[in-house]
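Each of the next two complexes has chain A plus one other chain: chain B in the first, chain C in the second.
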Partner chain A sequence: MMIRGIVRISIYVAILSAILILLQELLGTDPKALIQTTLLAMTPLALAAAGEALNQRAGMVNIGIEGIFAISAIAGVYMAEVLGNGYLGLLFGGLVGALIGFIMAVVSIYGKADQIIMGMGLNIAAMGITPFLLRAIWGFPGLHLPPKEVLIQRLDIYGFQISIVTIAAIVIAIALHIILHKTYLGLWIKAAGEAPEALDAAGHNVNMIRMITPTIGGFLAGLGGAFMPLDFFGSITKEFTAGRGFIALACVISSNLEPMGSLGFALIFGLADALAPVIAITPGVKESVPYQFILALPYIVTLAVVAIAVKGRKLPRALGIPYSRE
Partner chain B sequence: MDDSGGRDRPYISMRGIVKIYPDGTLALRGVDLDIYRGEILGLLGENGAGKTTLMKILSGFLRPTRGLIYIDGKEVRFRDPSDAINRGIYMVHQHFSLVPSFTVLENLCLVHGRGFLTTLKGLDLDIVREKAKKLLSVLGLDVPLDIPVENLPVGVRQRAEILKALFIGANVLILDEPTSLLTPYEAKELFRFIKELAQKGAAVIFITHRIREVIEVTDRVVVLRRGLVAGEMITRSATPEKLSELMVGGEAIVRREIATSERNILAGKPILSVRGLVVLDDLGRPVVKGVDLDLFQGEILGIAGVEGNGQSELVEAITGLRSVLKGSVILNGVDITNKTPSYIYKHGLIHIPSDRDRLALALDMKIYENVLIGLQRNPAYHHNIIPRIINWDTVKKAARELIKRFSITAESLDAKARALSGGNRQRLVIARELSKGAKVVIASNPTRGLDIASTSYVRTILRELRDRGAGVLLVSSDLDEILELSDRIAVIYDGKILGILSREEAKRVDIGLMMGGVQAS
Partner chain C sequence: MAETLSYSMPLALTGLTFAIGIRTGLFNIGSEGQVYMGALAAVAIGSASLSYAGHAHIALTLIGSALIGMLWALIPALLKVYRGVHEVLSTIMLNWTAYYITMYISSQVLVDPARPEKTLSVLESSRFSTIVPGTTLTGGIFISIATALAYYFLISRSVLGYEISLLGSGIDVARYAGVNVRKIMIYSFLLGGIASGIAGGLLVIARPPTYAIYGTLGNIWGYGFEGIGVALIGRNNPIGIILASILYGGIKNGGRFMEYYAGIDSDLVKAINGLIVISLSMPELFRILGRLVRR
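Moving on, here comes the complex of A and B:
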């Protein structure tokens, strides 16, 4: 599994490099800048997708990542400013996400609520809450710029800028891969998704597992959400998430619920995200194609990739089905 | 077996157990049960008597609505199966509790590592494999450890379950209808094995509705009827008649009817003829290895054999659900080899599948909608003005008739098929299939899981079909059923027909031996 994952990642990297070389020829863009932006755009997707892949393996579904992104971002920036520390802001964003994930899990397990509807509800609620909080906290409904001091400093490796959170996202995806495929917890998670009654009969607590994974998934989504204003954009706007929560879900399903695969797809979508503005302002393209169309590129790529990748995917048998003994 | 020792005090006592399911079903109405160390306790009762429910309570799966459990005189409360497992109580469920996509080894890991401290520990695959191999050689069992459970035949899955129970060192082993999938030979092995276990001091609770097995293997038997203890006996002093009476209450039912021996099998050509059939399983291994069969009009040809010897693949190949690698299937003169199920059905073959909930019914659709399955292209059910549009009134009328004719107990036509009990589901399937009016019927385990009334009803229908001249291919892992119904009996073992016996020459022992792979002399 590990080796297959590495091979897969290498293939993505190879394809990516080819595209980059091609782009440099065609558009004359600086490949370094493009890679830097790609990795930044990849990070929130990878964090959320790796966590959600783990979560769906346990038979749970959280389609409210978009909502968690928005709420955690505001919470993260707020706490970063209060404490004057961007890292604490990131952590707080993660904790808020974890709390949301946990509450949704409890409501779905013990209240037998439909997880899809709950996730939708969260997304819609977040759409309303974001401008409200922006105005309530910072007095501007449109845009807020956190002070420079609380923004996360990028690492500089021989002139190549990379965020520590990006490195963390890669490490986390690998760690979740190992947990899922090599440890007892992973075995329990997969059993919870495939045959919860068998997990129960073996003397394990199905609902405990099914509360742990949404909490982990929520934490990672929250981290990704807080990362966007505190690192990626350096600002927070009204609709800054721009459907990235849904793109993260596309990573999950395209990867066949594999954390490492999710990372790979996040890379592809990250590239599309980074590329869109570059193409839009390229001379020749700028005049002939409306820029709105180019900016839709990430979403079109998502649609295309999901359409191709989703074929023959085998989802866990008990996905989205609450477990009860009687 | 010495059952005088250690009898003074029960190891486990259940007192006044009442269980009401959330939907209001009163499954147990105050049951007392004692279990002693070193005994094999038979728990006998009809379908729905509450045997499974009672044992799910003892194994921590269900909490009793009322009542107490004592171990060694001390009260215990099981909140989860893990509490029971920690006390050495393990239940092998009738429908198994293995993760289908996991290998047997991974399933064993599921019981090997438990508790918070193992959470992030790497899987101990090597340790588990060693321990499993040791257990297997001690028990003389054969279970492949590295094949996903879903690819194993049902009989092997059961062995994997028992392996799992012993893997955790259970000293109270509950087996829920364990023999339903075994050959007589395998059942004997199981009996020998649980007797050994009991001699070593374990308590074995053996749930069954087969009186013969109770007499053969148990030391003591408790009979449940409608959620109450109907009686308790030391097996030595029990007779089949007495047990049967306790089980069904009052009048004992005569279960065996001798199959009509003199069947005038129409001379001439067989109505279904299978030649040199080779079929692969899901993993691409040949599991049907050259089968020849002839089915004549007016006969029931029984195929006896232990689950997993190729019979399900054989049936799937004949009915068009699985492709044929080599050989041919001729139905009434028409070559139906590798044809689609709808083509085959059009040429007069119907299939009553073993897995009716998956293959024969759409459980979440309404009863009358289920009546239409397979008949949706039949113009009789279409609108008479607009072609190809289904006329639901006609369908409902047909459904109503079938329900009446086959005595199906259903709340309404609009109820989901899921709401029907097992017996009524099977009646619905049979009713629908027979309404297609075919000349060849393939019935796979047609009475599995049904209550006595439905079982005898289904068997009567199969006999009637035969009497009216249809050819019935009966595939069943229940030898009693085969013996009761068949005019000829073919025994399948390891993908081949070991022999075909006529009803007269068929002796239970011989068939049992052949099912275990021993050619009768």
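Moving on, here comes the complex of A and C:
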């Protein structure tokens, strides 16, 4: 399994390098800058997708990642400014995400809520809460720039800048892969999704597992959300999430609920995200293709990739169904 | 009151889109993008000088909006049926694509040369006139109610409606009953697209004073997602949706006054909308509350 994962990732890397070389030949883009942006754009997707893959394995669906991104980003920036430390801001964003994930889990387990409707409700609520909090905290509804000191410093490896959170995201994806496939906890998680009654009969608490995974998933999504203003953009705007929560879901679904696989898809969607502004300023394209169409590119790429990758995927049997002893 | 009804006019239609999806067992949240496309079609057709069309201009505009809404809904339908792409994902991606397409066309192609912040206004011949002077309530409300009633009869009285409910009660049930699952799924998306397309059209041709789309899409934004709440409150029944849309129209209208008089951010209305959706997602909530009250 591990070896197959490594082989698959090497194939992705080979394809991506081919695309990068092609781009350099065709457009004269600086590949280093492009890779740096791609990795930055990949990070929130990878974090949220790895957590959500684990979550869906346990039979829970959280389509409110978009909402968690938005709320935890504001919480993270606020705390970073109060404490004057970006890392604590990141951590706080993660904790807020974990809290939201935990509340959603409780509501869906004990309230027997339809998780898809609830997740969408969270997204809609976040659409109102984000501009409200922006105005309530910083007095300006559109945009807020956190001071330079609280932004996360990027590592510089021989001139190649990479964020420490990106490395953490890759490590977390690998760690979740190992947890899912090599440990008892992973076995229980998979059982909670495929055959909750069997897990219950074996003497384990299904609802406990189903509360742990959304909390982990929420924490990682919150981390990704706080990462965006504190590192990736360096600013927070009204609609900065721009469908990224759903693109993270696309990573999960296309990779067949594998944390490592979703890392690979996050890389592809990150590339599409990073490529859009590059294509927009390329001579020749700039004059002929409207800017707005290029901004729509990441969404079209996502839809196309999912349409190609998703055929024949098998989802856990008890996905989204609340478990109750009969 | 008239303003409230004016707000509720598009909400009833976007609510129908979501409701018919849920009745089929689909979580169709593509209404937002279909509204944009419908509004775009309304501006394109409504601002064209079709003088020979006379009073049929309104009808042509609405049919155009409905058609383009339907076409936009066809994409997730085909992706769902033939590739198994989950409709939440495809519709959200298409919402954003529609957002940027509408933004481009309304700021570059159909832009009003005199006022670059909005598109061309539709011509007199394709406008609904106001029925209560001094408000924004127009005859469009009748189109909205008529569509909801048509959907009510379609769902409760026709074969297609019965097959839709069968599919909603379980895909295996429907297969055993000999329902063509693919066909019904596509029909469900298309019916939803038509309702949202009309909603987009009405937002342009039945909402004074501009009768146009603003470049920021501010006047057509958000109705699709609010439709989810409307459909849930109306219990996915078209008659219930008409009533729920009036309630929602009241909340939206009240939000505006909250901002004027009390200085409360009208964005909170959206947050409340989300909280309503969350609370309605819990069928156990009423039982839990009932237990608490009895104690």
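Rule of thumb we're sticking to: the second predicted complex is superposed on the first by the 326 of 326 C-alpha atoms of A that agree within 3 Å, B and C clash if a C-alpha of one lies under 4 Å from a C-alpha of the other, contacts with A are read in each partner's own complex, and residues count from 1 in each chain.
Keep this in mind: a contact is a pair of C-beta atoms (placed from the backbone, for glycine too) under 8 Å apart; a residue touches a chain by one contact, two chains touch by 3 or more.
Fair warning: this is a prediction, and the values are worked out from it, not measured in the lab.
Residue contacts after overlaying the shared chain place A:Glu25 against neither chain B nor chain C.
In the superposition on chain A, A:Ala201 contacts chain B only, with no contact to chain C. Once chain A of one complex is fitted onto chain A of the other, the partner contacts of A:Asp156 are absent, as it touches neither chain B nor chain C.
When the two complexes are superposed, the chain touching more residues of chain A, out of chain B and chain C, is C. When both complexes are overlaid on chain A, the residue A:Tyr184 reaches chain B alone and has no touch with chain C.
Shared interface residues of chain A (contacting chain B in one complex, chain C in the other): none.
For chain A in complex with chain C, the touching residues are 63, 67, 107, 110-118, 120-132, 135-136, 141, 242-243, 246, 249-250, 253, 290-293, 295-296, 299-300, 302-303, 306-307, 310-313.
In the complex of the two chains, the chain A residues touching chain B come out as 179, 182-185, 187-188, 190-191, 194-195, 197-205, 317, 325-326.
Looking at the complex, you find that chain C touches chain A at residues 27, 29, 79, 83-86, 88-90, 92-97, 99-101, 103-104, 107-108, 222, 225-226, 228-229, 232, 265, 267-285, 288. By the touch rule above, chain B contacts chain A in their complex via residues 21-22, 61-62, 80-82, 85-86, 91, 93, 96-102, 106-107, 109-111, 113-114, 118-123, 164.
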